[in-house]
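Two complexes follow with chain A in common, the first pairing it with chain B and the second with chain C.
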Partner chain A sequence: MALGTPRIILADDEIHIRYLVRSIIRAEGYTVVGEANNGEDALALYRLHQPDLILMDINLPLKTGDEVLAEIMREFPAAKVVMLTMVADMDTVKRCLEMGATDYILKNNSVETIRQMLRAIVAGIPEKENLV
Partner chain B sequence: MNERFDLRVILQEIKVDEKVYRMKPVLLTQKEISEMREKMNRVKREEGRTT
Partner chain C sequence: MNDTSAAGEPRRTALPLMSGCECPPDVLASLVTDLILLVNERQCIVYANREFSGESGRERCDAVGKTLGEALNCRHAAGRTCGACEACVECGWFQALKGCDNGLICERDCRILTLEGKAFDFAVKAVPIPSGRKGEALWACGLKDAFAQKRLRVLERSFFHDVTNLAVGIRGMFEILENSDAEESAVVRGMLQESAGKLVSAIERLRTLRVAENGDLRIWRSSQNPCELLQSLAQRYREEAETRHLRVVIENLGAAVTFETDRELFFLVVGELLANAIEASSRDDVVTLGFTTGAGQIEFYVKNQAAMSPAEQAHVFERSFTTKGSGHGIGTYCAKLIVEHYLKGTVRFSSHACGGTEFCVSYPLLSFAS
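And now, the complex of A and B:
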């Protein structure tokens, strides 16, 4: 794992989900560098901060999470984008993974499972990308 | 029991049911998603090795 603090953007239109995930991220010692409640802001924040990781819902207003994923991957092929959603249909999951999503986490997992998955994802981020 | 069944109507209903069934999305569990991701990563790694 890197010495620096991983910088994360959180994109979800549900304030309670953002609160919960923000708590998990901060408890792990990671930094939330931005939060978006729609797809357009998520993309703008990504371009601005170029974080180590973005956690993003699929059902976002203005631009859906999978549309944002496609744009981020086109502009930043090494980006780490994790979908955090309740959308569990095979077509959507497959499409997101094929577009380059680093992982796909269902929101109905327990907090502990989400925490563990997040740790594993951050552990896979190369050190040089992981410094503040 | 003097109800009459029209086979053509029943077959038509079955066709409609099949269409609805096929349109129904297949929902995955987290375990299945993680397995799919692993499999796709494995394929990518193997493709990278052969090229």
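And now, the complex of A and C:
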């Protein structure tokens, strides 16, 4: 991706996971435009910011990650949604990919692996004129 | 009949098991490691294999003429007719018997909690069979203890997930710590401490339940202030409540009273009920904590605004029952087991569409010898 800084929303109910992923995102020079600790807020933030990418946990309270994914894909078919997950959620991950999720990142990977996966995902996002 | 399959391999044909064999059915049944029951059309047991005694701790001859709930002393059958209670509509045992009217095997899960607090978790298979007596119908039923399998599912889905989540966060924050400045280090260290505490709590919770089920739980009683207990508990769940945009309110903190209990078990028990109340609530709901005293008892309550369906209510306190989908569910069972078997108290609940759901935990107010 050549132009601008990717704008990312991060949704996870665990504060330490948000902190960890936020640190990785910022270290890569990307911008976190919003954070949510539940599914309803994640959806509201997505509608508000329409970011380049949303990194979203599957087990979110109030509205699960796959429910939010379904609504985002219905409203924004070109959305880039990456599921954050643990190995135990793999059945749900497969379902999310079928529903239109761009990719998934395993939270139990090392920081370096998560960083590389994030880079690869961002590199696959088409350039947009409105990137900051 | 062709003796080979389409692939040319020899076809395995079923051998007539009883051909020329005079082995009594009772001997065959005694070789089976699951419970085998025969029940009549009044749903009373007419035969139980030897495994019944081992599994239930009751003489199998005592089971004859009784329904399964009566034989096991099901809490719903106390003083009422087993099979005719409201909760029996949701009972997997009766559903299995009624579900095989078409002559096919019907399979259901059946959880029974006895009046003594023993929990059974059966996978039931039932099938109607010819009785040999004219006009009388019989059902053959196999009951397999499904608890170990379900517990493993709970471990995989819930415990391992939570523990790995925390451990992953701790590992990642250590990696961040290596390259962070003093200001960030202080934040990360605080989060590390908090995550490590949550990790220990998650492991300790499961260990406590396991020890409690084995009957080996040790109680450490000390004098406790109920107001302080509730305030500490609410603080522990503050983050979870905020995540869901709801409030945990403590009421009735006026009474100046102390009582003796195990502090950590209190947090575990009432914490399980509070966690359930938070999960069952919607955005902007209020979860209320409080206590009352009277008749030598102190009663803590946890209220939330959502009501449980009659089907859910019938299964509360059963081991492995959950409203959160497959792979969860030891909260109310855990609370009842610990309070009623170790802390000499009681746990009860009520749930109505108008008033929401309330769980109450009562403890003796005076200290007592364990």
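What we mean here is this: the second predicted complex is superposed on the first by the 126 of 132 C-alpha atoms of A that agree within 3 Å, B and C clash if a C-alpha of one lies under 4 Å from a C-alpha of the other, contacts with A are read in each partner's own complex, and residues count from 1 in each chain.
By definition in this document, a residue touches a chain if its C-beta (ideal position, glycine included) is under 8 Å from a C-beta of that chain, and two chains touch if they have at least 3 such contacts.
Small disclaimer: the values here were computed from a predicted structure and weren't measured.
J.: Classify the contacts of A:23 with the two partner chains as first (chain B alone), second (chain C alone), both, or neither.
T.: Once the two structures are laid over each other on A, A:23 reaches chain C alone.
J.: Quick check on the superposed pair: does A:32 touch chain B, chain C, both, or neither? Answer first, second, both or neither.
T.: Neither partner.
J.: Tell me which partner A:99 touches in the superposition: chain B (first), chain C (second), both or neither.
T.: In the superposed model, A:99 contacts neither chain B nor chain C.
J.: In this superposition, which partner touches a larger number of chain A residues, chain B or chain C?
T.: C
J.: Could you say whether A:70 touches chain B, chain C, both of them, or neither, answering first, second, both or neither?
T.: Touch status of A:70: no partner.
J.: Output check: A:125 vs chain B and chain C. Expected answer is one of first, second, both, neither. What do you get?
T.: neither
J.: Of the two partner chains, chain B (first) and chain C (second), which one does A:14 touch, if any: first, second, both, or neither?
T.: So A:14 only meets chain C here.
J.: List the residues of chain A that touch chain B in one complex and chain C in the other.
T.: 88-89
J.: Can you tell me which positions in chain C touch chain A when the two form their complex?
T.: Residues 156-157, 160-161, 164-166, 168-173, 175-176, 187-188, 191, 194-195, 239, 242-245, 279, 283.
J.: Residue numbers of chain A touching chain B in their complex, please.
T.: Where chain A meets chain B, its residues are 88-91, 93-94, 97-98, 103-106, 109, 113.
J.: Inside the complex, what are the residues of chain A that reach chain C?
T.: 13-17, 19-20, 23, 37-38, 40, 59, 61-62, 86-89, 107-108, 110-112, 114
J.: Spell out the residues on chain B that touch chain A in their complex, using ranges where they run on.
T.: Listed in rising order, the residues of chain B that touch chain A are 25-30, 33, 36-37, 40.
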